[in-house]
Amino acid sequence: MNDSTTREERFAHGMEVLDKVDGEAGRRVLDALADINPELGHQVVAWAFGEIYDRPGLAPRDRQLVTLGMLTALGGCEAQLDVHVNAALNVGLTPEQIVEALTHSAVYCGMPRALNATLAAKKVFAERRLLPLGG
Amino acid sequence: MNDSTTREERFAHGMEVLDKVDGEAGRRVLDALADINPELGHQVVAWAFGEIYDRPGLAPRDRQLVTLGMLTALGGCEAQLDVHVNAALNVGLTPEQIVEALTHSAVYCGMPRALNATLAAKKVFAERRLLPLGG
Amino acid sequence: MNDSTTREERFAHGMEVLDKVDGEAGRRVLDALADINPELGHQVVAWAFGEIYDRPGLAPRDRQLVTLGMLTALGGCEAQLDVHVNAALNVGLTPEQIVEALTHSAVYCGMPRALNATLAAKKVFAERRLLPLGG
Amino acid sequence: MNDSTTREERFAHGMEVLDKVDGEAGRRVLDALADINPELGHQVVAWAFGEIYDRPGLAPRDRQLVTLGMLTALGGCEAQLDVHVNAALNVGLTPEQIVEALTHSAVYCGMPRALNATLAAKKVFAERRLLPLGG
Amino acid sequence: MNDSTTREERFAHGMEVLDKVDGEAGRRVLDALADINPELGHQVVAWAFGEIYDRPGLAPRDRQLVTLGMLTALGGCEAQLDVHVNAALNVGLTPEQIVEALTHSAVYCGMPRALNATLAAKKVFAERRLLPLGG
Amino acid sequence: MNDSTTREERFAHGMEVLDKVDGEAGRRVLDALADINPELGHQVVAWAFGEIYDRPGLAPRDRQLVTLGMLTALGGCEAQLDVHVNAALNVGLTPEQIVEALTHSAVYCGMPRALNATLAAKKVFAERRLLPLGG
């Protein structure tokens, strides 16, 4: 994206990255913003995905590990955990690795944050018929 | 650690894991706790490292990616970022990957948390003579 | 409020300020507290509104800008955002200014907090038939 | 727990402590974890309750006062407040003391956190037919 | 404080409570505010101490247990932990109980917050020549 | 910025906005990032200032009111408060309005966050020889 681009091209490029990582869940966020704050939707796509996610220095699965850690620590991000547990599966993390990352989070964020994130992941795993783990 | 173990054995096992991951920085935390709360030091070692870190389901480098995300998001954890940027390097993440993880954090935690974590990493990189990156 | 006042006078004065800023939404909070913690309700009214909100050094609309920033950053304050998006409209901020403040919040709090606050605002705007913006 | 113990013994011991403090609410958390992350459930029981809660240096009611303060401050922990308002009652705090602790929290966490915690307590008090207080 | 009082009387009453709980550390906070925001100092004294701390429903030691939990969970409150570890000692909590409360906090806030609060307590204990504990 | 632009043009435009708002303090942040994460510096300039700050829907002084609220609420952002108390003065907020905004923050964030932000402002005001207020 170093050469000359228009705002529309930056958005279009971000949408390609978003679709690969977040899939339908990402599209639903944009739809929800359409009648109140389409600019915020534009920035999620063109900036967060088109510029940051697209950078080559960290693998997509690695980005989701960092993201799961952040969303768990922030708290109150159940909607975003829904999107990003899906994203984590989309880019190749296994359900077992996601669960292990959340177990690990108890050390740094404490049990309440680890439990809340685990129950957010459980909802996604149930929708994708991945439960019970190890079953 | 499923078979019968003593409290001392659990601590000794945790110290092996701690030494591999955190190195000297981990020992300094234990030293600081010795005259006020050695029990908390015991739990960091025997539980956090001996039980959680030691589990096989997530690679040590992956645990540090999650950890960097959490410490950045929590804020006010500069001392722990110092330990865990060191740990991240110890278990095989490159300085460039660590920096990229912190750039990624701006999307989820905002610029202040991303900047504070980056300056904490800068201190570690300077001590380990890794700066300038790309130099 | 520098001269001699009773606890009841302080409450009555706070109710006047609360009614102007929060309107009915403020009354509903007090109702919810009545059977468990009327003292907390008293403090919201007599202290927060009667003493702090009532001070002349910052315009009501400016107080709501600061408040929207704080509630967005804190996270987990959807109920309070409901009250204060209403309050922001009551004291003269436009829907477009509120939305722009939440877009701005993405820089400092990250996308999840900005998105959660925007969806809380969307609920209020829908109730007040203000959507779609720009429509 | 200083002598030689198995993982199973540590879990069994933790369950005794958990049952006394959290009662049924604690069991429900474990049930919810069973098909996704039983290890996290094990750690809540064997570590948090079997090791930390079980230590003699702080009375169970004092632990719940600290816990109520932490959960209120963290935000987004309504599910955990449900468990621990119940726990606080189980170990001898009165409803009035719990409410007073939450009023006190307004000084340090601000009104939104104090209000959210109070409404979480109200739900528990209603279930246990303790409302209205002072009635 | 239900009868008619002046702003000055409310401040004077709050100072009595503040002096008993926080001692000199509280006075230093007021001094620091004198040339920039004496109103905030007034509110700390007249409201937080004169109104909330002064209420009879929760013992001073219990208020400090809740406070230590909140300050640990909030993070970035080292200055306030300094004041309130002193306050906790002033109102009758033992150093061992304070340390145990901070060990307990690891369960709910995670290790970084527990460690930061413990090191803040260590500074106070050293100033008051209470270290090593158990020595 | 809707027409075709290069990455360099976006950065140059952002620098103009940054210089007006943050002044020298903004430049110092970029300098600190130069040898470790110039990309993060680029994003602060080209995205945060060039895209978000530059939008016409909210006045610069209003953006700083929101920003002061967020930084106060987040905690652990003393370095950013330094930059943005300066920025608030640069775009036309008076010292008295800034102080009043921080007094207001006590209602929503609690006393510790309000006090920490006030002391961060005091440092800036002292450097700019604005103390004592009202003097």
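Per-chain numbering from 1; labels A, B, C, D, E and F assigned in written order.
Convention: contacts are C-beta pairs under 8 Å (C-beta built on N, C-alpha and C of every residue); 3 or more make two chains touch, one makes a residue touch a chain.
These numbers come from a predicted model, not from an experiment.
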Label-sorted list of chains bordering both chain C and chain D is A, B, E, F
Taking shared numbers over all numbers used, above half giving same and below half different, the chain B and chain E interface sides are different
Looking at Cα centroids only, farthest away from chain F lies chain D
So the chain most remote from chain A by C-alpha centre is E
Note: chain D sits from chain B at a C-alpha centroid distance in Å of 28
Cα centroid separation, chain A vs chain B, in Å, comes to 23
Distance in whole angstrom between the CA centres of chain B and chain C is 40
Distance in whole angstrom between the CA centres of chain A and chain D is 31
Listed in rising order, chain E residues that touch 2 or more other chains are 39, 43, 48, 52, 55, 71, 74-76, 80, 99, 103, 106-113
Chain A residues touching chain E in their complex are 106-113
Residue positions on chain E within touch of chain F in the complex are 29, 32-37, 39-40, 43-44, 48, 71, 74-77, 79-80
Within the complex, chain B is touched by chain A residues 48, 52-53, 55, 57-58, 62-63, 65-74, 80, 96-97, 99-101, 103-109
Within the complex, chain B is touched by chain D residues 1-7, 39, 43, 47, 51-52, 55
As the complex stands, chain B meets chain F at residues 75-76, 99, 102-103, 106, 110-116, 118-119, 121-122, 125, 131-133, 135
